[in-house]
Amino acid sequence: MTNKQFSLQDAVSELVSDGDVVALEGFTHLIPFAAGHEIIRQGIRDLTLVRMTPDIVADQLVGAGCVSKLIFAFTGNSSVGSLYAIRRAVENGSVSPIEIEEYSHYGLLARYQAGASGVPFMPIRSYAGSDLPGVNPNLKRVTSPFDSEVETYVVPALNPDVAIVHAQRADASGNVQSWGILGPQQEVAFASRKTIVLVEEIVDDGVIRSDPNRTIIPGFAVDAVVECGYGAHPSFAQGYYDRDNDFYRAWSDISKDPQKLEQWIQEWIHDVGNHAGYLNKLGNNYFERLTPVALLSTPVNYGSVL
Amino acid sequence: MITKQAERMEEARNSYTASELLAAVSCRLLQGKRRVFAGIGLPTLAVALAQKSSSPDIEQIYESGVCGAHPPRLPETIADASLATGAEAILTMPVLFGYVLQGGWIDVGFLGAAQIDRYGSLNTTVIGPWHAPKVRLPGSGGAVEVMANSHEVFVVLRRHNPESFVDKLDFCTSPSLAAARKAAPKVPTRGLGVTTVITDLGVLKADETGELCLASVHEGVTVEQVRAATGWPLRLMESITVTAAPTPEELRLLREEIDPSRVYLR
Amino acid sequence: MTNKQFSLQDAVSELVSDGDVVALEGFTHLIPFAAGHEIIRQGIRDLTLVRMTPDIVADQLVGAGCVSKLIFAFTGNSSVGSLYAIRRAVENGSVSPIEIEEYSHYGLLARYQAGASGVPFMPIRSYAGSDLPGVNPNLKRVTSPFDSEVETYVVPALNPDVAIVHAQRADASGNVQSWGILGPQQEVAFASRKTIVLVEEIVDDGVIRSDPNRTIIPGFAVDAVVECGYGAHPSFAQGYYDRDNDFYRAWSDISKDPQKLEQWIQEWIHDVGNHAGYLNKLGNNYFERLTPVALLSTPVNYGSVL
Amino acid sequence: MITKQAERMEEARNSYTASELLAAVSCRLLQGKRRVFAGIGLPTLAVALAQKSSSPDIEQIYESGVCGAHPPRLPETIADASLATGAEAILTMPVLFGYVLQGGWIDVGFLGAAQIDRYGSLNTTVIGPWHAPKVRLPGSGGAVEVMANSHEVFVVLRRHNPESFVDKLDFCTSPSLAAARKAAPKVPTRGLGVTTVITDLGVLKADETGELCLASVHEGVTVEQVRAATGWPLRLMESITVTAAPTPEELRLLREEIDPSRVYLR
């Protein structure tokens, strides 16, 4: 078993380069905020950011000038406001516009699935009659070879240069376990050329091996595993900390004013120096109100006859 | 004095907010349905109300893969950790979108939109042209899939006005059944498309051609008001009913059992 | 929550009919033997049996005359012998031949995936140069709409009438949990019009809900759940009982002689009356040597802030 | 007497079975490889031996989805419960076949066959015609996928004879790279195809055109013997080596640590 532990700084500087296609994934849960902040801190530029649901971390990356293209399916901050950095970059008359490439959720997920599976495309039931194929040449229609009266839309494989995801735990060789809402993390890890995983804790491999079905990404598909507690904040990690809704509600106000946004990035990303500095700035008891009541899974028996 | 207070209490019991009305109306429309695909908010209230009244077996399925949620408290957002706690199943995304949604297991999909047209096509993408938007909206998310794969779709629009109910969408994100069939007749469709639109003024229902027609108006709303608020010549169902007010029991369930801290009951 | 508990007899008689396309799945693990025996007991005929790996249970179903067509990818009894009933039915000069339709593992799995996903076909990287497309018109080649120089094979959707699988546990409303080797059970359950699940135990829904990521088939996709302890014997159920290798080794000898096979079916399927009778005939302490040492998974925390 | 016993012991130490030789040879050929896709049997021994000697990081991946197996005892069959106990990961079948195998994560796939041709195409389907077989074999299983998606393929055939090493297969189940490219030049291929065939007589290696040529013979086997056992005019590599016998350390590991109860070491 190869040790794949990295510091966050090393993982990002060694595996992410200017101009890369970088997928940051996590669907409502386990959003890799700490990794996004490290990308901003290192001043990486000209990224094609792939994310099914560009939200605050995407707004921060766009606001910090790291992104030249956004591949996505839904960009919003739930019902608590807009992502103004992204809107400024894509709405009419933008001063520093970014390119966008737009899908539906399953359209983009199916691109990851095709990329992970080494096939040129994946069929999908929707898009007939939508205006999306008109603005995205990657949504194409083919005839079924089994029935010339049946057509289906297909999307092409996507293989990002780097996938970055967050999970609850892994061992030092990068076997990653996650629970709760899983998102497209497994798909994007297999689809990407390199994968960085941040976890709440690195655990003994005996813990991982006591429940092998819980492993969503095996060690061989992981290039760097980074221990980064609270690294999904203000998003959440099931069983570790809940979502910081106050932060989400506060974001619109910051994002709306370019100067305020710049200031926030300076203060909370650059000035804190690293993730430990960020946590330090949040303060000692910050996570108390977000700490869950423990509700443990009933163990299952993996035993066999010896 | 005592009489006056009793009167006020009586009045309070009988009055209701728009959210309460929409939740009650949606709940009634869900009767007999089993699996509802929806986000957080009004549909959550409607499903919860249905579970506690007419449809104990109704189940809400979330885009995140959560099925059979039993949150220990009312979830505040779609990203609430409590949705996972004690759920019956959390499916992977390929299973949720591929097998559950595309596989045809959803009876009713709930959608919202910035714009809707007369056959129920929805715009959640842009106001203005896509290449140079006046306002950039969030985009499809799973809406295209919910529209194409649910057996029927309910649309909830809290503000019924000519900017939302348009003759022509700025951008068609999620096409109506009619639009899908016209654009690509060989791509299989499923179900009935948008059957029901619930707004702050009334309820529109699809006729046999799929055209959305006014079926009922809320108390105190006139047909003319709805027509004026609709950007196409709104046709009427043969008989227009007046939406029945939420019953005292519906209001009690909503206020006391489902959303006592009024997370959604604005 | 609807109660979906059935007796094995009722589940099979109400949900399986003569002429149905029936998928019995389970990959090395959790093979639904008890269900196969009940199909034989009820004398169901003319089935199209779909199974990635037709093994002893398929040999029994073919030997008992229930099957008119076999859709499969690998038919064998590991390295411990042949399945002679199947061989007699498909080799040259067979007196009661059955039709066969042949795939590779992923070819058939991808048919389940397409069937579950409501798409007309699924692309697959292999089959170029194989003789299989020559004997199976369901293996077709299409050109990628994204690059006219790229072709891929595709397989069509498969939607069996009934899926029958075995799992470790479920609640009364049919939320099914399994661990260890998972096989194509999830795919085939979603692909099929009806699904019967046999489980080692029906547990309280609190057990299921303490670990929702362990649910492989949600209750709504299950038509009947049957409590049937040791129902996978001679196959195994991780954590419940190991594989009965002696039985596997003994099978060739039984299967080779049509009379011996008929006698075995009479004695072990018909005469025992039902699964309880089968267990009774095995004897009281039969499973002692197959009972695993307990090795429990480390619990994970699904808690949230209350 | 003492001398004779010592001699016998010395002889026993130096002698070895065919299985031990094939395991040792396979192990050496695995040097530098990381992920091996294989069933139970000889490949299990070869990978275990590699793990304990030259390649501590080598990993066996099973068709059933088990990765990083740490079975508490040597598994007897591919369906051994102990393969799941304490494994690092058990992946679903769509992930194993779709993402791991088709995704190109396998360095070496191990396959067996009833027949092999000169470019490494394999028959595991039938002897005789498919529609009226003389002997029905198990079929592809995952072999077609292993062949098409591994970076290279090792074939192990315990019996090297003209019935197995044929000029023309009765049925091509898993095509060689050459056969795949010829049949469908636009379907992308991956890797090197069959690079190595290990038999009871020697080792065949693919030349730059993919043709399998004799590379080494086992101790006591002549080149003529191998040629006579091969159903096509077998070409020779520039220099034919004699397979080195298993070292005492290799034999010790196999006999004492890996398979002390001789489950596979027949």
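Each chain gets a letter, A, B, C and D, in the order it is written, and its residues are counted from 1.
Everything that follows uses one rule, which is that a residue touches a chain if its C-beta (ideal position, glycine included) is under 8 Å from a C-beta of that chain, and two chains touch if they have at least 3 such contacts.
This structure is a prediction, so every number in the text was calculated from the model and none was measured.
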item	value
Given chain C and chain D, the chains that contact each of them	A
Most remote chain, CA-based centroid, reference being chain B	D
Centroid spacing, where centroids are CA-atom means, of chain B and chain D in whole angstrom	59
Geometric centre distance via CA averages, chain D-chain A, whole Å	40
Centre distance in Å when chain A and chain C are each reduced to the mean of their C-alpha atoms	36
Multi-chain contact sites of chain A, meaning residues that touch two or more partners	113, 117-120, 124-125, 141, 150, 152, 179-180, 182, 186-187, 210, 213, 238, 242, 292, 295, 302-306
Where chain D touches two or more other chains, by residue	66, 80-81, 84-86, 90, 94, 98, 102, 149, 188, 190
Those chain pairs that satisfy the touch definition	A-B, A-C, A-D, B-C, C-D
Parts of chain B lying in touch with chain A, wherever the complex brings them together	41, 63-66, 76-81, 83-86, 90, 92-94, 97-98, 101-102, 121, 125, 128, 130-136, 138-145, 147-149, 171-176, 179-184, 186-190
Residues on chain C engaged by chain B in the complex (per definition of touch)	1-2, 113, 116-120, 171, 173, 175, 186-187, 190-191, 205, 208-210, 212-213, 215, 218-221, 302-306
Chain B - residues contacting chain C, complex	34-35, 57, 59, 66-68, 70-73, 80-82, 84-91, 95, 98-100, 102-105, 149, 188, 190
Chain A partner contacts - residues on chain C that touch it in the complex	114, 117-125, 138, 140-142, 144-147, 150, 152, 154, 156, 168, 177, 179-180, 182, 207, 210-211, 213-214, 238-240, 242, 289-306
Sites on chain A touched by chain B in the complex	27-29, 53, 72-76, 78-79, 86-87, 90-93, 102-107, 109, 113, 124-132, 135, 141, 143, 149-153, 179-184, 186-187, 235-236, 238, 242-243, 245, 248, 292, 295
